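Letters are used for the chains, namely A, B and C, taken in the order the chains are written, and counting of residues starts over at 1 for each.
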């Protein structure tokens, strides 16, 4: 790691005072599971690290009658273990799939949402848009995006929590740049596809930070996450999907379906949503929703198989949300 | 005259039993010290810079900025301007500093300029390799039963064509196995201490006795000035036999700086430099009679050994089952990767995976039970003595996995939704003869016993094996033997590779122990007035064979030694005439898998190994070795591969987060049976480390083929490969 | 800028009472996780740089260690305190090799900064032996030969300690599902499973 200044503020206000408007100057340290590795590899070289580990106000889960407010520094384990997750099975399942105790115990909600892509060209110090997309386009892209990949960015968004949170219509609370500044935005709006190396995978300014995730009351919606993984380890899934549906009278009235690991951002599948709303969830309709989801896929040279996996993940997430057998291994 | 033999099973008190490893507690409490853990006073940390390009010429190298980084104490180039770099991650320079942070910052401050050259890393693509001028002819062999009539230049082709024409079933296919790395969890490296003209090198090595000289020469000292020390090694698997160039540099830096230097490779540089197992790809055509007995085999294979490394040896094609007529031809592909190193059972896993899959495809083609086809092909096992053993082992394995009840023809099993299950098997063989080993046994007048062998423990339980052999020999408990290994100052023993260690140290320690016992017995005999030959050491006593009352306790016996300890050194007498050790083992592996046809995921349900290994010294650690080999087999069958970017030559998955390996939840149920009838015990000790890692690739691939009715031709069988194969099969249907 | 959405949609399914009851319990539990009273060193809003002496409480004993902001807990333990049980295996937490317990939670020592650990209770694998007394988990590993080269073993042992603390009555299926954060190359998994089951049976993960 490059030498840096370390600061350990106690309050959200102190955090903002320590952040800098210059991109790259300051990094915000949460659980460390991703950032420290990036710093050791000199991919990220901040002049200052602001640790959120002692900001107690970021570590609480509070609920009122309409919403649950999850602090950004709540660990993944504490969130999953919280009884509130009874109402958000998609969250509990997504965290449960992260098959590493230390990742769950150490990793935080905010850190999980802001982790950097696992794209191997990025991790090989070739940049997020490595060679303006050519590295991915002409190289080994087996784990890269199958949606939203026509621009320069072709990496897969890494968050395993975001699809569930987006399906659940979560918003994030963003603080800064100035004390008192506060922005609430839907999580899907928080993410964006960078168009240049200067841009990040989300809309945060360098002197802002995520303080909370806000989950609306489920209001009778049922939800699920489904990951297709290569083995039981903590590695990223090949494809993931989460679904939240409101079913009355056996018919889906509303649905939100989001995929992970398939596009430079978590990917909301309008096509899958349109295919399932107005119908009951059963094997055929779920299959059709999966098929609809991938109707707009644009696989790269080595990741055609992810199209099939995305189709299956959507199908199984819907079946699981409806409490039906998903099929498949375990 | 001492007879160098093992006691019978009934007479053995610890030999062949299940004994806890004597170094288990230090290993399980973090107190065992590995080379990475040695922290001498003022030790400096050294790390290396890897070249970002896969093929390049170094145009300039500026170390000056790195030298100025606070905390950096030295910077040393490992390449000079004009040098050609042949793989991504080859070491360019080393930075030494006081802290990890300073060293990392120093490495980042090195300015190197490169001229990039043509890159080629596609080890599976013959056409591309030929177009790029990256091929070389590999060895080959033709064996035909029929003598050529006259000097027909086309005889070979004609005869092969005739044999294929006469075959009841012919399978043509491409079978492959990707390159993998060693992934030693302790990377390659050392902690070097230069003091008063002498070097102590704490080297992570499989070869303590053979590496001192390698350190000495570049330092301009002789081997007697070097001590190589390695109490514990965090994995080697065949990649840690030599002093690497970075180890020599660490020693030199310690000498230059006057302080200890530790240089361990970072994880990504470990994977890029620390060794790999070469891939193998075979285009095969196999002909069999109506019963599935292979009659003719024709293969062209590809292999890539990396820059200056040896590709897969042609001799393993075909593997174990070798029909009377075969031809093998090969091409070596020159790729921009580091040279491969020996990887547990060199060549065999590739040979097995590339050829015993084709045998299973013959069974599929003929609609036969794979078990029957393998059994009938035992007539083709090269080593005739092994045919009966394999047949017995197959029966045991089939019973353990319940083959007959679970078998279904390829692709015809029951479906549970999208999930299908299947069975597959494979046969393997290995040498495993002991290496040359020297054991010094020291018996103290107070009864204490210690032993010194310049060997090492890779995790097999070398210390425990030595302790068991001497405990058995002296009739003492295992804890009574103080075992000293891991230093080049001890009597020389061979490198631990090729399953040679247990055979080697068992041979030398039994010899030395028996020789020492003869001397001790003479003293006891004269004291008791009985013939020395009539004495036995048992239950902590030395007594007359037929009168246990007539004897002395071990302690009393040792007190007869007088003032000085009794020291005996022996090399044993390994080889054809030894009754203590021999070579040549084999086994059978059977796998049961489940496959999700929708996702391509493969899950291990059950995995059986039946293994012969001569005489078992420690049943507990022997079973562990087999389990471990099975996990490594599941690893390369389903998970791991070295992924090289075809365009840039970058090693894409050189961090653990990207290099997929099985985890605890991926292995399913393991069942191991060691096949050890008296006939096996009579063969003496034979090594076991390699053999059970050979068959899993073929066995698991065959199980997947049985489940799907489609061969997924290349290992590892990732979801991507399974889905791609299913899609191809659907298109062709 | 937007305001939190206050419009209750009033649809049935989950009772609002159950919803609140669940969350209330949660808030209480998580409020406990805040850092306890910290010492005055290397903490607070003022940035610190360069070498600083901090106190780390390791295996029940406070130790003064000189660190930089960039010093990881792993480096502080291995180099500063010569506690080398936790191993550097991966650049991140993917291997579990550097696991220690921080405030009872499994933590990859190589992915946390030493300065962030001030005021926390750090437990390393070395605490599991004291003279002849060896903790039940490493003892079960020895009896079941659940180590080979042993390099991953200390991290695995800590993983098992953490896992059993949370799942003291774990079944074999739960063990197979719950211990996938650690990597072993020699392939000791098949022996770890019965070792953990033995500890469960003996109730010895004290």
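In the analysis below, a residue touches a chain if its C-beta (ideal position, glycine included) is under 8 Å from a C-beta of that chain, and two chains touch if they have at least 3 such contacts.
Just so it is clear, the structure is predicted and the values come from calculations on it, not from any experiment.
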Where are there more C-beta contacts: B-C or A-B?
B-C
Can you identify the chain nearest the overall CA centroid, using each chain's own CA centroid?
B
Chain centres from averaged Cα atoms put chain A and chain C apart, in whole Å, by 24
If you average the CA atoms of chain B and of chain C, how many Å lie between those two points?
33
Please work out the Cα centroid separation of chain A and chain B, and write it as a whole number of Å.
41
What residues in chain A touch two or more of the other chains?
1-3, 37, 40, 99, 232-235
Touching two or more other chains, which residues of chain B qualify?
100-101, 655, 657, 661-666
Multi-partner residues of chain C (each touching 2 or more other chains):
68, 70, 72, 91-92, 94, 176-177, 179-181, 183
Note: in the complex, chain B contacts chain C through residues 20-21, 24-25, 27-34, 36-37, 39, 99-101, 183-186, 232-237, 264, 266-268, 458-461, 620-621, 623-625, 627-632, 635, 655-657, 661-667, 670
Interfacial residue positions of chain A with respect to chain B in the complex
1-3, 37, 40, 42, 45, 99, 118, 120-121, 123-126, 135, 138-140, 142, 228-235, 238, 303-305, 308-309, 312, 325, 327-330
The chain C residues in contact with chain A across the complex are 1-14, 16, 18-27, 29-31, 33-35, 38, 42-50, 68-70, 72, 91-94, 96, 99, 105-108, 110-113, 115-116, 159, 162-163, 176-181, 183
Per the touch rule, the chain C residues reaching chain B in their complex are 68, 70-72, 75, 78-79, 82-92, 94-95, 97, 124-126, 128-129, 134-135, 138-139, 141-143, 145-154, 157, 175-177, 179-193
Looking at the complex, which residues from chain B come into contact with chain A?
52, 70, 100-101, 104-105, 107-108, 417-419, 594, 596, 598-601, 603, 638-639, 643-648, 650, 652-653, 655, 657-658, 660-666, 718-720, 723-724, 727
